[in-house]
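Next come two complexes built around chain A: one with chain B, the other with chain C.
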Partner chain A sequence: MALEKHRNILDYTLQALLRRKFKNIGIILVFTFVIFMLSSILFLSYSLRQEAHLILQDSPEIVVQKMRAGRHELIPINLEKDIRKIPGVSSTEPRYWGYYYDSGAKANYTILGIGTAILKNNRLLNGRMPLPHEKNVAAIGRGIADVRIIKKDIGSTLYLQAADGRWMNFNIIGIFESDSEIITSDLIIISEDDFKILNNMPEGMATDLIVHVSNETEIPTVAKKVKEQFPDSRPILRDEIIRTYDAVFGWRSGLIITLFTGALIAFIILAWDKATGLSAEEKQEIGILKAIGWETSDVLEMKFWEGLVISLTSFISGLILAYVHIFFLGASLFAPALKGWSVIYPDFKLTPFIDFYQIATLTAITIVPYIASTIIPSWKASITDPDTVMRG
Partner chain B sequence: MIRTENVTKYFNRGNPDEVIAINDVSIEIKKGDFTVLKGPSGSGKTTLLSLIGCMSRPTSGKVIVENRDVSRLPERFMTEVRRNTFGFIFQQFHLIKGITVSDNVMLPLYPTGIKPSKLRKRAEEILINLGMGSRKDFPVQKLSGGEQQRTAIARALINNPDIILADEPTAHLDTHLSEEFLSIMRNLQQEGKTIVVATHDPLVYEKDCVNLIVEMRDGMVKDIIKKN
Partner chain C sequence: MILHPGVISLIIGSGIVLLLVMFASALGIKITRGWDIKSSSEEQLSFERKTYLISTLVQYALSFEILSIFLFIYTAEDIHTLLVGAMCATGSLNANSFGFPTLYVKVVAFFVSAAWIAINHLDNKAQDYPLIKIKYRLLIAVLAILIIEFILQLQYFLRINPNVITSCCGVMFSEKGKGLVSSLTAAPILPAEILFYSLLGIMIANGIAVHKTQKKSFTYLFSIFSFIFFIASVIAIISFISLYFYQLPTHHCPFDILQKEYYYAGYPLYAALFTGSFFGMMIGIIEPFKKIASMTPIILQAQRRWALYAIIGLIVFALIASAPMILLPFKLY
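Up next, the complex of A and B:
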């Protein structure tokens, strides 16, 4: 009985929505677009952040760089034995890495010379890694394989120009298949020996030093000690890096805040229009319903259904479109804005990470005000005496 | 059945545009009466009808319907009385455009929670009685004036009301259709329903079946004529 009542009112609401088809479709389109923009932004920023975290999780606790005149410089490997004496340090190792500018693709790749350090984050590797002293072999990211290599597979050859101008050839023995992960996609891994030749590295020098600390709580103390002993060094903590990523990909980044406010303003206009504009026809309909025996609460229930049907339809379609846009189409609409990647990631795909807390927030800031803006003006209309309808 | 006791209704009370639409009106309508509220434009017919029908509340005085003072009821109960006791036929018909004839007829009872299939059956019965059976799935805006009114009558009857209120029902109808309307009302009267019509159409108030004429002027009762 009670349930039937609500079903009847819902039935009527659906009829009413169909009657004003064009107006309502218009509202749904705008609303869907707003949700699409907002959730695209949320999906994108959240997934980027998650990926960054995932990768950085495997990165060393402390990286020590040598600084000269405020710039990063090669570090002497023999610092290792002094650093190892600092209490709390469990091991150290040199790292060889840098960038390789590919003038053909106009892109910078990250190039890593592998020594004793084996990249932990290799679960996505297809094939294998180069060994520290193995010559002319490389493992590369999918992004590079697609840009640089004709056959695009293990067994083909990658050519890189060395510091002295000679071309070196590398046999591809492994590919990071995930085109989703930001860091591995543009990565080239070669042996330590090849790296030194390619970049003409002086003996006894590395790009930076990795310091492993077994006890999390000792990390800041160790970093402080390093800085004290070697004032021209800069210890970088993993936590700092994570925080930097958060700032770049997080809510506050410029691109995101701009798009976000834009979409929000569109939504506010939509809701405002709804909140202020009850057409004469709608007003009269409310009067008629009241006059023929509907209670104020019945009228409001109808308006509630109306708001819910419209906002839920828009919300779900906006969400689905955003999901497809970000995770299947590689955020193609935002690509021009995300300059850094658009070259090397012409069609990068993110792993879907969804933050349900953000979706709940989005619901709260869109569906709730929309329903309110549907109900409130009708509430004003429906508490007036129905006898006004007799004169309409 | 219906009694008003010194009913007064102001609009915009206390403002410069204050109007006294009904002034100290006391009338009594018995069960089965066919009553006409008669009077020139602005005399307060519509206002009185809406007070009787629980569509608005008097500023002072009492409206008593079936021995119950409805003039001070909270809105929920007023709605309940309105839904259970009255059937309204408006001058402009006030059908909801874009839905069918039978959906319009069913509309008053949607919030009661009666099963739609049952409601629809009842609506169709009433429409058939009014000769509208073939029009039940028509969108209302495609109906002729007379058909629209019969749809409005059917809607007024869906809740099987004891009292039928009609405001200027013949204003938009030609003589032939007005006669038809009156014969429908007469049939309803014979079924035992009480009928109150606000009109200044002689075609209505000169009918034999009308047995109570309340003549209004400037919000007051000028004359009450009882027949048979």
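Up next, the complex of A and C:
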């Protein structure tokens, strides 16, 4: 039976590989490392993308910002009325948010003054959210609680310096759970009123406006109308944000992979070298095989199995290691390159996300060059003349 | 656009394959120049040895070609979010005029390199390598196709402009649009179904005839029918088979069935279609080789066997395509 023959050749290959353990383990280790690096990058960037998609799904369809001299400025709230009149707009809402630099912790916080809408969404909160007009209370992210020198917890006080130099104290009434760290790690939520005092914001102004549009196909039209009515505004679409995230993650991971091609090429040269430099023992082995009736094509097949066994072993162990690295160990090696740099690092666990596409991409970058580099050396080995090698 | 993991892997892979096939063709030309089966010179011996290298190289190129078709569709799928208005692979492929040509050339490259391997396989069975010249001339054709593929693919990715508004599959494969594809989807479904299934019936009958007798008229006919059937099936997938998979009377996309949401049904579907049509077409292509004395029994045997493979492939394809029509509650009329 033809199948039996292939099975026997595979069997022989495995035995031969085991006999030359050390030479092959070297190759497998290096190959595993290369695959581990590349797949870590891919896994990480894809799950970050996925995470961004999940978060942005619930974000408002359009954010309207006011621009002056090309810079983002506070927006008058009374624009809301006019925007709400545009057909297709289901609701609008002012947002109050900004950054706060804490010179003690050398970190930037994101401060959000809340209106009514966010109140419902407090599943991830330990404690409660401030009410829209409640004074001197705050809900903070786990990252802030940890970075302040004295551990802050519910019941203790957070001091922030207001725009006029006064110190404001906030009772901590809620802390976000670590599950949501990617969004909430550096977040401080205070009431709208407190936010205005803290930042000395003029009445009737907001940081930006969010516009909800029920019908997704109408979003670009609504955005166009906003832009026409208020030429000094900048409508930002949710799709644009998602697209930008995708482009950034794709580009960053592509860049790192390109940097790694150096390592990949080095590995391929190693593989080529190992495959070319047959030891006298191996040559003799092939010579004997041919003398006892193996054909050139059989030796080639053996070499093919050898390449497949080595690359699959490395591929699978590289993938598993990368999986553990990214999804259990928090991607400690690459996170700085892909996430950006902020002092308060969200220490989050990524949701595992792997698909065919990533595997196919990895195969094309790693296994394809490896096998390609071994074809010619394998052929050279397989055409060995039995009598020349056996004579020594 | 170039710095995307999928794009990098496609370009690296195609580049490597191109180099290998270029090397193989160079060897092939050298071999055809000096080939003399009766000679027992050292040169002839080295030529005969090099044939092994060439076939390994092309086999390798073919396996990458298969991977690359899917990788290409997947990459197109993946970058659709970067393009305004694109909602799936179709939108990305439409982003510039190189997208669909690249896909078509990839399919052609797949068929031609598979044909080369099949012919090589037959040639190796005969004692005197009767097809060696044809084989290596065909190899140059493979090389030409791969070069075109590489250039088109590179152009496609280089020219993708993430801000161009493209039509998504909802537009292109919807009935309102203009152009060939839209007119296919607008075709009335019942006649299209009747046409598809009667063509399938003819194919199976013809295949059985080839399996039994291997007469010249049957084999050529089967080849032509296989080609027509391949095109007809792609049309059928766009026009009605996909509707049953998506259970939506308006969604005609041929790529979405490859996705997880549809249980990857597209893979076995396309695999069966490609295998069936490939063996079907090969039967007629190898017919002229029957005249060579040393090839006659080999060709006859191959035709009998391949006819069987073709029939099995097509039946599997038809079964997978029909399964949602029969098993799922969705009905078009």
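We adopt the following convention: the second predicted complex is superposed on the first by the 289 of 392 C-alpha atoms of A that agree within 3 Å, B and C clash if a C-alpha of one lies under 4 Å from a C-alpha of the other, contacts with A are read in each partner's own complex, and residues count from 1 in each chain.
Note that in this section a residue touches a chain if its C-beta (ideal position, glycine included) is under 8 Å from a C-beta of that chain, and two chains touch if they have at least 3 such contacts.
On a predicted model such as this, the values are computed, not experimentally measured, just so you know.
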Based on the superposed arrangement, let me know which partner A:Val324 touches: chain B (first), chain C (second), both, or neither?
neither
After the superposition on A, what does A:Thr296 contact: first (chain B), second (chain C), both or neither?
both
Just checking: does A:Ser382 make contact with chain B only, chain C only, both, or neither of them? Give me first, second, both or neither.
second
Just checking: does A:Glu285 make contact with chain B only, chain C only, both, or neither of them? Give me first, second, both or neither.
first
Now for A:Arg19: first (chain B), second (chain C), both, or neither, which partner does it touch?
first
Classify the contacts of A:Ile316 with the two partner chains as first (chain B alone), second (chain C alone), both, or neither.
neither
Thinking of the overlay built on chain A, is A:Ile9 touched by chain B (first), by chain C (second), by both, or by neither?
first
Figure out whether A:Ile265 sits in contact with chain B (first) or chain C (second), or with both, or with neither.
neither
On chain A, which stretch or stretches are contacted by chain B in one complex as well as by chain C in the other?
296, 383
Chain A residues touching chain C - in the complex, by the definition given at the top
41-42, 45, 239, 242-243, 246-247, 250-251, 253-255, 257-258, 261, 296-297, 300, 304, 355-357, 360-365, 368-369, 371-372, 375-376, 378-379, 382-383
Which of the residues in chain C come into contact with chain A in the complex?
2-10, 12-13, 16-17, 20, 49, 52-53, 56-57, 60, 64, 67-68, 70-71, 74-75, 77-79, 81-82, 84, 162, 260, 264
Chain B partner contacts - residues on chain A that touch it in the complex
1-5, 7-9, 11-12, 15, 18-19, 284-285, 288-296, 298, 383, 385-387, 389-392
Give every residue of chain B touching chain A within the complex, in rising order.
46-47, 49-50, 53, 55-57, 75-76, 79, 82-83, 88, 90-92, 94, 96-99, 103, 107-116, 155, 159, 167
